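So, here come the structures, one by one.
One chain, chain A, links the two complexes that follow: it is found with chain B in the first and with chain C in the second.
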Partner chain A sequence: MQLQLENVCKKVGKDFHIRDVNLTLEAGTLNILLGPTLSGKTSLMRLMAGLDQPTSGRVLVNGEDVTGVPVQKRNVAMVYQQFINYPNLTVYENIASPLRIAKTPKDVIAKKVQEMADLLKLGPMLKRSPQELSGGQQQRTALARALVKGAGLVLLDEPLANLDYKLREELREEFPRIFAATGSIFVYATTEPSEALLLGGNTAPLHEGTVTQFGETIKVFRRPQNLITAQIFSDPPLNVLPVTKLNNTMLFKSHVEVPLVGKLPELPDADYTIAFQPNNLSIIRKADSDISVKAKVAVTEITGSESYIHVDVAGLRWVVLAHGIHNIDIDATIEVFLDPSTFYVFDKNHNLVVTPASVSEA
Partner chain B sequence: MIQKQVNQKAWFMVLPVFLIVAFSAVIPLMTVVNYSVQDTFGNNVFSWYGLGWFEEIIHSPRFHDAFLRQLLFSGIILAIEIPLGICIALAMPKKGWGVPVCLVTMALPLLIPWNVVGTIWQIFGRVDIGLLGHTLAQMGINYNYVQDPLAAWLTVIVMDVWHWTSLVVLLCYAGLCSIPDAYYQAAKIDGATRLAVFRYIQLPKMQRVLLIAVLLRFMDSFMIYTEPFVITGGGPGNSTTFLSIDLVKMAIGQFDLGPAAAMSLIYFLVILLLSWVFYTVMSNVGEESKGGH
Partner chain C sequence: MKTKWIVPTLYIIFLLLPIYWLLNMSLKNNTEILSVFSLWPQDLTLDNYRVIFNDPSWYSGYINSMIYVSINVVISVSCALPAAYAFSRYSFLGDKHLFFWLLSNRMAPPAVFALPFFQLYSSVGLFDTHLAVALAHCLFNLPLAVWILEGFMSGIPKEIDETAFIDGYSFPKFFVKIFIPNIASGIGVTAFFCFMFSWVELLLARTLTSVNAKPISAIMTRTVSASGLDWGVLAAAGMLTIVPGALVIWFVRNHIAKGFALGRV
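Up next, the complex of A and B:
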């Protein structure tokens, strides 16, 4: 199965929930929709499933236009953030329910349910009711129900968001194996960049209903074509530095001067936005070429072995990801160091013009 | 070990609750128990009568009749109000301006005092001046709740349905609103029918509120007094003399304190027993359907 969205728009009232989305998803692929809440992940999924009809544009399955075909007649399955199971049916009956609706013979049902139970490690729970299961097991049941249909398109809408982190990690580790066992198109919505990176596959970052880029997850992460993609794909938030290049100098107001190294001298005079990851902002000098900037500490978050130091630089808020525990007083003025070789540079239309040296080589 | 400090102040904290419960429940109940085992010939002179009144009440045809009438009444009420309430709740809008309109409309009958409800229907059903009674009479239908037991029953039942179905509706509606939208979406994707959605999603999710609705409606209808008293006064004959009406007739009308006390204790125990049965059965139905196929 191949799913194609062509210039798909969804307008509710005057607002675009989805704007001009073009995507082609191939069978056997995992496709991640990455974006914050309200970026349009669920809206896009509903359009893919056929739960909603696009205001304009077409949805094609294997080249055939299915726009307007209701969800019941499409071969789709969906898993939600909430654990959705029939509350008064056993796990077995829950998994069997889509097959029963499709009037599958009994022995086939038994075989398929068993296969799913093995795949999702639900064997011993088949006779229980969903309420007697842990959250992780409930979500496994919901997943089994979605997969048992053999649907060509499986939509997973933040399936791990309601699980505690241990169960989340456990299930996430199993996902690639479970997905590989089917061969359907998987679409997986998440708000967490790290989840997208762990799952691999392809990623489509979403921003206000627009897909900002689409490609292999790691490539999208390392070479974001525009600033918004880079921002969506960075957690903690990406550090940005608006600069103006004029007569062989690159300045942020009068506070920061960026030395013209690497590809920077080739850029024409204009306004640019420099972006760099929090782990490339440091409180210790690592190389002579590092740029030193004075910053005022706003808050420090310590996560055990790492510290996130939020600092203010002339109206900009940056985050330093530092190894070890650094308990710095609020309002203290410290020196932070920028490594120009880690800079992503975006032009004034926020399109990527310079990739960091480390990424270019890779 | 740390020596725990004994603070007698705690008694003062408990005292108000203790007093309230004592005066509102324990003492009145004990008074009734006291009456039920004694006989009196007036002048505040009492003599021990043992369980005599209980035996008399249990074997009295008058009690049996009232008890059967009561069971029939509660049965009919539940059989109408619960399904009707579920249907109305299902039909109510889930969003938009219709929601407050429906909720307020539904809540209106619940806000009316019981004897006012009785009076409304008493007048409404009168053949000479009542809108309902007069219209029916004009149409040639023989409806007269003062003379015809069937008409009296119908009036009381219709009135109770009018008065209390709203409660079931509101409870069911609350239950329905708590079902996340994703359930319906999932069912839609599965291709489940409307009936299957009701049977496998809505009904199980409403089970708890339904249990409360059934219990409340059962207890309330089993204790019904004011409305039939206002409309029919228990008549014609004894045809709408339910247990409460009978009890009041016995205790206040005839001043038979002993039998009335014995009857109220039996009445109380019956309600307790039946409520327990309802609760256990309905909770078990849920458990079984979870376990079985």
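Up next, the complex of A and C:
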């Protein structure tokens, strides 16, 4: 099955929830919708499922227009962020429910449910009611119900968001294996860049209802075509430095001068935005070419083996990802070091013009 | 600490005293009721109950009441189910106003409606039928049922409906197989509240009936016969009138509080 969205828009009142989305999803692929809350992930999924109808645009399955087709007649399955099961049915009946509706013979149902239960480790829980299960088991039941149907399109809307850390890890590890066993199109919504990177597949970062780029997850991460994609794909937030290039100098106000190395001399004079990841901002000098900038410490977060040091540089807020524990006093002035070889440079329309050297080579 | 049982005990005695006295009276004969003060029947008799079970003018009252109450419960619940679903799941023009207006129907005394109902039902030939009383009671039971059911339905996440549709359930199938079982306790509570209000309502029931559909509460109010007031039989009738309510409340005892909160707990 192939799912195609053509200029799909969803307007509620005067607001666009989804704006001009064009996507083509192929069978057997895992597609991640990445974006913060309210970026339109759920809205887009509901349009794909047929739970909502687009205000304009078309949804095509295998080239056939299915825009107005009710959800019962679509070949889809969905798992929500909340654990949604039928409380009045046992786990077995929950998983069997789409098969029963499709009038599958009893012995086939029994076999398929058993397979699914084994795959998702639900075997001993089949006779229980969903409310008697833990959160992880409830979500696995919902997942089993979605998968047992063998639908061509499986939508997973932040399926791990309401689970605790340990269970998330566990289920996340199982996902690629489970996905591989079917030939369906998987669409997976998440707010976390790290989750997208762990799952791989393709990623469509979403910003205010618009898909900013679509491609292989690792490529989108390494070569974001625009600033917003890079920002969505960075956690902690991407560091940004607006600069002006004029007569062979590149300046941020009078505070930072960026030496023109690599591809920077080739750029025409204009305003640019330089972006670099927190792990490329350092509190120790690593090379002679590093740019030294004076910064004021705003807050330090220690996450065990790493520290996030939030610093202010002339009205900009940057984050330093430093190894080890650094307890620096708030309001202390420190020196931070930028490595020009790690710079992404975006033009004034926020489109990528320079990729870091390390990425270009790869 | 040992005296903390005193207040609740006094309270319960206070509450139960009238009911005990009714029971006490129903087991005495008229002479004993009127002549002596006795805390329990000196001369225990079941004659009063025997009168009620043997005299059609008495027991038909119970039958009539039960018929129109049952009709009313069925109409109220079956009409309120789709209405409550609409209020709970969809937003439409003026939905909040309409929802509130429903409840405002309960804010007028039934006496206001007695006259128009009487005239209307007389002119269409519904007067003195069970259906007349059942329909009249819908005036205040239907809004109540919609409110209670809406509360229970809103406690079921909308995603359950969507999951069912995605699984392939048609709407009627989903409603009967998935949705109704999930709000079964809500339906029980709603039925109980409809039963309760219809069972105790006197004014409309008495106005809209004369002989064929006369309710028990109306019969109890007109027992002054040539021989004076028949205290014992009246007391027995009262005791029997309490029984159905007590039976029904037993089944929904665990959900009543949620019903009083209109399903919103």
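Just so we're on the same page, the second predicted complex is superposed on the first by the 362 of 362 C-alpha atoms of A that agree within 3 Å, B and C clash if a C-alpha of one lies under 4 Å from a C-alpha of the other, contacts with A are read in each partner's own complex, and residues count from 1 in each chain.
Here is the rule we go by: a residue touches a chain if its C-beta (ideal position, glycine included) is under 8 Å from a C-beta of that chain, and two chains touch if they have at least 3 such contacts.
Remember, predicted model here, so these are calculated numbers, not experimental data.
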| item | value |
| --- | --- |
| Clash-or-fit label for the pair chain B, chain C on chain A | clash |
| Which superposed partner A:P87 touches (first chain B, second chain C, both, neither) | both |
| Partner chain(s) touched by A:A77 [first = chain B, second = chain C, both, neither] | both |
| Chain B versus chain C as contact partner of A:A49, first or second or both or neither | both |
| First, second, both or neither for A:T249, with chain B first and chain C second | neither |
| First (chain B), second (chain C), both or neither touched by A:Q131 | first |
| 38-46, 92-100 or 110-118: stretch of chain B that collides with chain C | 92-100 |
| Chain B and chain C footprints on chain A, overlapping residues | 49, 51, 71-72, 76-78, 80, 82, 84, 86-89, 97-98, 101-102 |
| Complex interface listing, chain A residues touching chain B | 49, 51, 71-72, 76-78, 80-82, 84, 86-90, 92-93, 97-98, 101-102, 127, 129, 131 |
| Chain C - residues contacting chain A, complex | 157, 159-160, 162-170, 173, 178, 181-182 |
| Residue numbers on chain A that touch chain C, as the complex places them | 49, 51, 70-72, 74, 76-78, 80, 82, 84, 86-89, 97-98, 101-102, 142, 145, 149 |
| Of all residues in chain B, those that touch chain A in their complex | 180, 182-183, 185-186, 188-192, 196, 200-201, 204-205, 207, 286, 289-291, 293 |
